[in-house]
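Next, two complexes with chain A in common: one pairs it with chain B, the other with chain C.
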Partner chain A sequence: MAFFLETLLGGLMAGMLYALVALGFVLIFKASGVFNFAQGAMVLFAALAMARFSEWIPAGLGIMDPLLGNVLAFVGAGLVMFAVAWTIERLVLRHLVNQEGATLLMATIGITYFMEGLGQTLFGSSIYKIDIDMPKDPVMILERVFEGGILINKEDFYAALIAGVLVALLSLFFQKTATGRALRAVADDHQAAQSIGIPLNRIWVIVWCVAGVVALVAGMIWGSKLGVQFSLTTVALRALPVVILGGITSVPGAIVGGLIIGVGEKLSEVYLGPFVGGGIEIWFAYVLALGFLLVRPQGLFGEKIIDRV
Partner chain B sequence: MSSKKIGDVILDVRNISLKFGGVNALTDISFNVREHEIRAIIGPNGAGKSSMLNCINGVYRPQMGSITMRGQTFSHMDSHQVASMGIGRTFQNLALFKGMSVLDNIMSGRNLKIRSNILLQALRLGPAEREEIMHREAVERIIDFLEIQAFRKTPVGQLAYGLQKRVDLGRALAMEPQVLLLDEPMAGMNVEEKQDMCRFVLDVNDEFGTTVVLIEHDMGVVMDISDRVVVLDYGKKIGDGTPEEVRNNPDVISAYLGTSH
Partner chain C sequence: MFYRENGQFKTSYRADQQILPIAQDRWAMLVLLVAAFALVPAVASDYMFRAILIPFLIFSLAAVGVNILVGYCGQISLGSGAFMAVGAYAAYNFHVRVDGMPLLLALVLGGVCAMLFGMLFGLPSLRVKGLYLAVATLAAQFFADWMFLRVQWFTNNSSSGSVSVSNLQVFGYSLEGPGAKYFFCLGLLALVALLAKNLVRGAVGREWMAIRDMDVAAAVIGIRPMYAKLSAFAVSSFIVGIAGALWAFIYLGAWEPAAFSVDQSFRLLFMVIIGGMGSIMGSFFGAAFIVVLPIALSQFLRFFATVSGLEISTAVASHAELMVFGGLIVWFLIVEPHGLAKLWSVGKQKLRLWPFPH
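Then we have the complex of A and B:
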């Protein structure tokens, strides 16, 4: 039982991070109808910026305090992501209004490769580390309930906590503020949103900025765990099944989907893995998502597509 | 109706021509709208009525001609800029924010009136909070006016068609527009719903003094409520005047009923 709970908790914590990346996809898709293939590249780009700024800024300004250095690096990387959002809107999206989904997807694939290249040119292509001083030691909890207690990784716990807080803040922002309302309005109907005076271009910049910040936080957490390297881009690909499962149009879907995938991966690895020789974790999510597609193509919480014939 | 005072020209449409590829959707259309009047645009299917409305609204950009609102001429404007000039609209095929509640839909119509910036809103600081309450009060008045109090929190996608049309109108009213463009506000409605909608349009015009430009198929409705009527056929203007004048215009009669050859 204790072992099961341990696996479950590990899955939930990993799932929260998937949810965070999936949220980046959902936000942009809802607001602009663009399936943003570049989300992974944005994670890498943001993480690279953060990693290098945390070397350059303290060195340049002679700051000794690691916390202050990290905060400045985070702010700097946030500004970089803002510039990225603005540039993408100005140079790409603005010219592709009302184009087919496939055209927009191709455009984001182009952005992906461009950003991967540019990121490595600007910030270098080695492996860098982000040291935000996450506690690495594992802790035991519930020792009184179970013999030996449950082992959880503190780092995972904090990562999940940060992701959870960010997701909660974003939900509040979307539900409770006038700008959030405008964002939801644009997501539902571009034409109508414009007719009441909501400027699409500005909304898109805001959404891409939010997606950029989400990418930055995801990149920071993953970067501090695994190091900042090119393979970070694949993190976004692992969030794809989450988006399919939860529904590309649903913010709660991204969260629940992330948790399901996280838990599913861990449980299947532990309990099914031995029977098929292990390595399930890598493909389990995709198979789960595929199965889901057959039953509920719109995902768990997605809008049901009803077409008039 | 005769008691209301009709003012100067508020919206002036001059020599508008609109082409889609080789198709002439509109050819050299001119007409004006006076303050406080209800101005109808009628015509058979495909006459270019919606195209005309979409030109005024900035959805389409006509190749030729100009549109002047209160002395300000615009030719290359986006819908949201047109909105900021005080022109609101409703849609023929409902374009509501389906996932949002009635309240949120109408609140979103206040977008242009919101002054506090995104940071104040996010932190829910005093001014932003007070402003939100003020807008909420305005929206509640509109909800009362349209008699949809009971559906405040309902997602609009779940409402009956006639009620959705009201929400569409409410969202446009929340902008407090000077000119309100209504694209077939009564399309697809039953007799009762039509009567309700007529009453709302007349009340909006009367109580708020809003100038109304509407497209409508139902001739009875048009002749009853409008002050002046423009008639389009195949993208050309074939009649303009009071309902009485238009009714007796031979070109209009032949466009609607056909002529004997």
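Then we have the complex of A and C:
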């Protein structure tokens, strides 16, 4: 029982991180109808920027305090992501308004290649560290309930906490601010939003920026866990089933989907994996999502798809 | 001036319905075929065969297959790499496990296995649409990646996971030299392209297109969505499976599951979209573009390095290639979202009037 709970908790925490990446997909899809495949490349790009800035800035300015250095690096990487968002809107999206979904998807795959190349050209392609001073020692909880207690990785716990806070902040931003309302209006209906004077182009820049910041946070957490390296882009492929499971247009869906996929992956790997040779995490997530889709084609929380002739 | 159909009267339905109704097109096709079968093999170098021509032929075949599914039936698929893998490994198993199995039969059986696999993973398309389906087909991709890596039986229990074929023969002719490989691929491609062209302009093809344009409306006028979608998946993955088997047998010779990764799926989808969705000819354009572009890019970078005297390391060069590749694709999608086939038809219209303005 304790082992089961341990796996479950581990899955939930991993799921929170998936949710964070999935959130980037959902934000952009909601606001612009673009299925942004480049989210994984953005995570890598942001993480690379953050990792390198946290070396360069303290070295350049002679800052000794690691916290200040990290904060400055974070701000710097945030600015870089802003520039990326603005450039993408300016050079790509603006010219592809009203194109088919497949074309837009392909364009974002093109962006993916470009950003993978650019990021590694600018920031180098070895493995870098992001050291944001997260406690790494595992702790035991519930020792009185179960024999031996449940082992929890503190790092995972804090990561999940950060993800949760970010999600809460984003929900507040979407629900309570004027910009958030404008974003939701654009998501509902581009034309109607434009006709009441919401500037579409600016909204898109904002959304891509927010997605960039989400990517930065995701990259920071994943990067401090695994090291910043090229394989970080595969995080996007891990997060795709989360997006379709939760529904492509739903922020809560991304979170619930992330949790389900995280738990499903861990449990399947532990309880099912040994029978079929292991390594089933990746496709199991997809098959799980597929199973949900067969029952609800729009995902758990997606808007109902209505077909009209 | 030369490209006119004036005076070419069609007096029968047959003449009206043929694939190339204009005489000049028929001549052009004849010239092209002669060039492909006689001229190119005579002048091409070994490097040309290995690096450009054979990959181009095989990817054209695969792109025709993907175009049937994505371009004609409108079901976006990111699982083409998996269908290629299934074709390749199935053909491999038939080839090594059955004594005296002819190569052609092994390829076709590989295609049949890919077809069954494709239909299985095409089942969600009955329920799920558009981008959801694209992600759902990724399930096929990751499942195949895992299956051929972990299930030893498929790789004939080879310890390294890599498999190889050698001593390929067709009707007693050896397929060792690049010229022979070229002819084999070209022959298969011509055959399949002709079949595909006839399929898409027949009843089945019209059903696919109706489903693509609006599936609910198509269902209302009596087209069975299940039949249309699954037949598109079947035909498409059959062709893609054969292409995968060719890629493994003819081009690679020895391969491991990574040869059919998700990148391959993206590449195929790029070919279809850059070439032109819903156009058999577009598949050829797209395949040529995607095959030649990386080679041209790396050549250009090498040239640039020698001219400018800069020392460009391989890492920088490969990153620069990635950037240019991605940038070009985005640029291309912006300039011509309907693909090279559209440019081709625009060019043909212009040619009709040339040299007069109206």
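Observations
Quick note on the criterion: the second predicted complex is superposed on the first by the 309 of 309 C-alpha atoms of A that agree within 3 Å, B and C clash if a C-alpha of one lies under 4 Å from a C-alpha of the other, contacts with A are read in each partner's own complex, and residues count from 1 in each chain.
Just so we're on the same page, a residue touches a chain if its C-beta (ideal position, glycine included) is under 8 Å from a C-beta of that chain, and two chains touch if they have at least 3 such contacts.
On a predicted model such as this, the values are computed, not experimentally measured, just so you know.
Steric overlap between chain B and chain C is absent once the structures are superposed on chain A; the two fit side by side. In the superposition on chain A, A:G197 makes contact with chain B only, while chain C stays out of contact range.
For chain A, the partner that touches more of its residues is C, with chain B and chain C as the two candidates. Once the two complexes are overlaid on the shared chain, A:I206 sits against chain B while remaining clear of chain C.
Of the two partner chains placed by superposition, only chain B is touched by A:D189; chain C is not.
Once the two complexes are laid over each other on the shared chain, residue contacts for A:L96 go to chain C alone; chain B is not touched.
Once chain A of one complex is fitted onto chain A of the other, the partner contacts of A:S171 are absent, as it touches neither chain B nor chain C.
In the superposition on chain A, no contact is made by A:T7 with either chain B or chain C. In this overlay, which is a superposition and not a single complex, chain B and chain C have their closest Cα atoms 15 Å apart. Residues 35, 91-92, 95-96, 99-103, 105-107, 109-118, 120-121, 125, 237, 240-241, 243-244, 248, 276-280, 282-283, 286-287, 289-290, 293-294, 297-299, 305, 307-309 of chain A are the ones that touch chain C when the two sit in their complex. Chain C contributes residues 70, 76, 124, 127-132, 134-136, 138-139, 142-143, 145-146, 149-151, 214-217, 220, 262, 266, 269-270, 273, 277, 315-316, 319-330, 333-334, 337 to its touches with chain A in the complex.
Remark: chain A residues 173, 176-182, 184-185, 187-189, 191-200, 206, 303 touch chain B in the complex. Across the interface of their complex, chain A is touched by residues 57-59, 78-80, 83-84, 88-89, 91, 95-100, 104-105, 107-112, 114, 116, 118, 121-122, 124, 128, 132, 135, 171-172, 174-175 of chain B.
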